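Okay, so subunit A shows up in both of these, paired with subunit B first and subunit C after.
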Partner chain A sequence: MYQPMLYLHWKQIRVGLIPFVIASFGLPLMAIDGVGAPPGADGTMLGAYHFIASVQPWLIFFPVLAGAIGAMLALSAWNWDHRHDHVYALSLPVTRWEYVTLKMGAGASLATLPAAALWLGAHMAAASITLPVGLHAYPNQLALRFLLAILLSYAVLFAMAAGTIRTTLWVVSIAAGLVVFGAVATDLLGGFYDLFDRTNVVLVALQWLTRAPGPFEVFTGNWSLIDV
Partner chain B sequence: MPSTRKWEPGSVNSAIDLRNVHWKAGRTFELHDVSLRVPMGSIYGFLGPNGAGKTTTIRTFMGMIEPDAGRIEVLGRPVPARMKSILARVGYVPERPHVYPALTVAEQVRLHSSFFKLWDGGWARELTERLQLDPDQKIARMSKGETGKLLLLLALSQRPDLLVLDEPTDGLDPVVRRDVLGAVLDYVSEARATVFISSHLVHELERICDWVGVMDHGRVVAELPMQQFKSGIKRLRVADAPEALGNDAPFTLLSRQRDHAASPDNGSGSTETWIVRGWEPPMRYYVEGVGATLRDIIDLDLEEGFVELLRSSRPQPQNGS
Partner chain C sequence: MRATRATGAAAWTLLASVVLTLLVPASPAAAQLTEADLLHRLDSLQPLLDAATRQSQEWQEEERARVRAQASLATDTLRVGLLRVIAAEGRSEQARDIVEAIWTEHYAAFVDRSPALESATFTFGLGDRRSFVLVPEATQELDVVRWLPRPRREEHVRGAVAAVLSRDLANALPLQSWVSESPFLPYRPEWTYRLVATTPSQAVRRCLSGALESCAAALGLEVEGDAALLSWYSEEERRYLVMRSDIGSVGDVRRRKCAEERRIDICDELLAADHRRWTPLPGTVRASLLRLALESGGQGAWGRLLEASERAPEEALAHVSGLDSRALLFEWRVRLVDGRPEAYAALGGRSLLALFWILFFATLAMRSTRWRSR
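Entry: the complex of A and B
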């Protein structure tokens, strides 16, 4: 059952996925294109600083690309089923959980394609430059972080897309409601308690989510291909 | 008027057994106390106008929607508790094609077959040839008729004990329609499967079904053997009819209408046209017993009977006969 489901998902998204695979391969190569230390500074701290600084503007594109790939995989997984009230899936002799697992597994497997492309591109990029003393390339770590980011984005959006529009609206409304509630609560309680005057609850929650060991840390962590 | 047969849980004499099923979708539509029993081995025609609730009823016993009340069994197993084992033995052709347009015919067959243990690959190939389907053709480029044939191929190749067809020939040309129904009948005669076929094309069902259920406005208004349905609905021309019939009438009076034109052979009384259900020849004595004179008995074809049945089940205007 898994193999035909994987093939189905591949056939449904291949036109959309191939540009992402190419982008994943090309991004590390573009990131190190033209970077380097100033003449005569190869072995110095200045050289290392220049090297890292010239790669820095590209780093934002890695998590953005990973998030976009995860979103594309998730939304394409359910698109046809939603349009047909899930009738095909519901007429098959499998439980709903089995079907969802098969579908999720197929999408997760396809997430390895852009991650593998990025891994290859990162290795090629690392091999194509001479690093200043003290710097190292981390293509494996970068590819692994990229894969985890895709899977996280995919899992969250897959779960939301699997439900009805009403369920999705509920989830989004609750999240928005919590943000508003947090902001209002901070404002109101700030007048009574010093702690809330100095602390923004929404900001704290966001930091908790996006900093280690928060669940979304993979997006905000270190995306450097070249580092000390 | 739902039948009042006794509920027998776990009865394997029924391929589908719905008992007092109720389901409401917002303010727009409701299934009212739907009871159906599809005998094992029968070809059951499920008739009703568009929007009557046929597809919704099918979705309840296919486990796709959960009714608010009532009990359902398919192939002797409760729905939805045993849905997985039920669906392994049910071939389903939905009203709207649900196959994936990105796949070719052969790829869709491979995907579908991976879910069914009883899948008959040899017969699937035979049906592909018989229904003149190209295995390499992409589903997105197939016509409505070709897609309909593919859906039937998928359902039949599962070797189902129960075949559920929801408007399978709607919009198909006569040649494709004949191919589809021919394949169904061949399968039934070979495998002795039960077929539940929903349609609003009355003539189509008349030829193949041995049981019929009629639905209108979310209610089952009749359920009986096709022969009884066809032979039991008559148009009677009656003279000197009493104002009302007693509760002891052995037939169901679906409608009565006073004939406006003067009857040439009856100068004293008026004549009426009655549409009755459950008519049998000896019942003429009952009519005569209430003081009326039976002038004519006219057979109705299935479509006329269907129309009269629906007309009688709907609220009548007060200024009628």
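Entry: the complex of A and C
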């Protein structure tokens, strides 16, 4: 049953996945493009500080790309089901959780393609330059973090897409409401309760979500291909 | 109110007439007055000037008292360590809580006396209403933005106290020009290590390898004159410094000779004009050494720093810390190396955490709202 699910998902997404695979391969190479010792300089230590500084602006693109790939995989996983009102799923002789597990596994398998492309690109990028003394390349670690970020983004949106549009709207509205109105509510409540005066609830919530043990820590960690 | 304004106007009129009298061109007859006569005339005007100044100050005091009475601003004065804080009514508990936490954690251990702190006053929760309170020497408002989370507000308090403390060193030229940053700002071990590890300097590389005399050189200690540049940077690094910097104008022939013709003597000539500017490690890193010296010195360290502020930095550091320079540099280097970031620290554990959340959301997908076929 797994192979047909994988084939169906692949058929759905194969054209759309190509640019993401190319982007995953090219991003590490673009990040180190033009970085290195100045012309005529022999010392490899000379540009270390500027090496790191030059690579920094590219770091944000790694988690953004991972999130986009995960989102595309998740939405495409349920696209045909929603279009045909889950007739296919409901007609199969499998339980819901088995069906969902197989579908999730198929999407996770496809997620390894852009991750492998990034792994290859990172190794090529690291091999194409002479690193200044004191700096090291971390292509394997970067690729692993990239894969986990894709899978997490995929899992979150997969769960939302597995339900109805109403469920998705509820989740998104609660999140948006927390961000938009949480600050105002905190300020109002701060006048009555000391806890809200001392604590910014929205900031605390965002910090919990984006740092360990929160779910999105993998996006906010270190994405450096080259570091000390 | 009209009476006080009239008094004020009269005082300003009197003052203006005194000034105009002095500015009116002298008549031919007056030009013949002797210097003694002119001095006598000026002396006779002095009491008028004093009276006008007193009138003006009285008017300002009355106006301030009137505004204060109307604003009915009640305050509490707190004493936390060496800090004097005027808090708005109802905010004194909060002020004491935050200020005591900062003072105890960051300053109490080694700041026993400080002329700058003793003459300064901080306010808490007064904002723009500070002008209504008679605080002529008021320094800073500590609670600038109330809705910020507590850690950010503590950071602001810490910075405000550090800024005032730095005034103690305002006249200590050797030390002030060496450190140039406050030692009380938060120490960021990973950021500091990255900065040090990526500095293009042979002295820094030797320091990281364990040569303490190179650490001293890289920090701008114990090295003077042209020898400093040679110990800090190799030939290629000196050339790179000139290429990277703004030394000389764009068309400067010497700059071209240094960069393209590799005339290292020309490069050295350009750099030697202000060799202190090229100290490998910046003020923030040097401040971390001063911070370590203060911590090592313990109680009374800041007072000893003020005593030694006229000395050379290396002598001052030894006097503050109670350690000889090698021991202090050793401790500093150990702390620096310990701060080396692990680029992907705890990736294994974080990977398991990510897997947990992936399975969590997958489980939610299995238990989502029931599908229906129309």
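Keep this in mind: the second predicted complex is superposed on the first by the 203 of 228 C-alpha atoms of A that agree within 3 Å, B and C clash if a C-alpha of one lies under 4 Å from a C-alpha of the other, contacts with A are read in each partner's own complex, and residues count from 1 in each chain.
In this section, contacts are C-beta pairs under 8 Å (C-beta built on N, C-alpha and C of every residue); 3 or more make two chains touch, one makes a residue touch a chain.
What you see is a predicted model; the values in this text were computed from it and never measured.
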{"item": "Partners on subunit A (subunit B, subunit C) - clash or fit", "value": "fit"}
{"item": "First (subunit B), second (subunit C), both or neither touched by A:Gln56", "value": "neither"}
{"item": "Touching partner for A:Pro4 - first (subunit B), second (subunit C), both, neither", "value": "first"}
{"item": "Included angle at subunit A between vectors to subunit C and subunit B, based on C-alpha centres and rounded to the nearest 10 degrees", "value": "150"}
{"item": "Partner chain(s) touched by A:Trp80 [first = subunit B, second = subunit C, both, neither]", "value": "first"}
{"item": "Partner chain in contact with A:Phe158 - subunit B first, subunit C second, else both or neither", "value": "second"}
{"item": "Which superposed partner A:Asp187 touches (first subunit B, second subunit C, both, neither)", "value": "second"}
{"item": "Partner chain in contact with A:Gln12 - subunit B first, subunit C second, else both or neither", "value": "first"}
{"item": "First (subunit B), second (subunit C), both or neither touched by A:Pro93", "value": "first"}
{"item": "Residue contacts with subunit A in the superposition, subunit B compared against subunit C", "value": "C"}
{"item": "Overlay on shared chain A, then closest C-alpha pair between subunit B and subunit C (Å)", "value": "5"}
{"item": "Touching both subunit C and subunit B, counted on subunit A across the two superposed complexes", "value": "85-87, 90"}
{"item": "Complex contacts: residues of subunit C adjacent to subunit A", "value": "146-150, 193-195, 197-200, 205, 208, 234, 236-237, 239-240, 243, 340-341, 343-345, 347, 350-351, 353-355, 357-362, 364-366, 368-369, 371-374"}
{"item": "Subunit A-touching residues of subunit B, taken from the complex the two chains share", "value": "62-64, 83-88, 90, 92, 94, 96, 98-103, 107, 110-111, 114-116"}
{"item": "Contact set on subunit A toward subunit B in their complex", "value": "1, 3-5, 7-8, 11-12, 80, 84-88, 90-95"}
{"item": "Contact footprint of subunit C on subunit A as seen in their complex", "value": "38, 41-43, 45-49, 51-52, 81, 85-87, 89-90, 96-97, 100-101, 104, 132-136, 138, 141, 144-145, 148-149, 151-152, 155-156, 158-159, 162-164, 166-167, 183, 186-187, 190, 197-200, 203-204, 212-213, 215, 217-218, 221-222, 224, 227-228"}
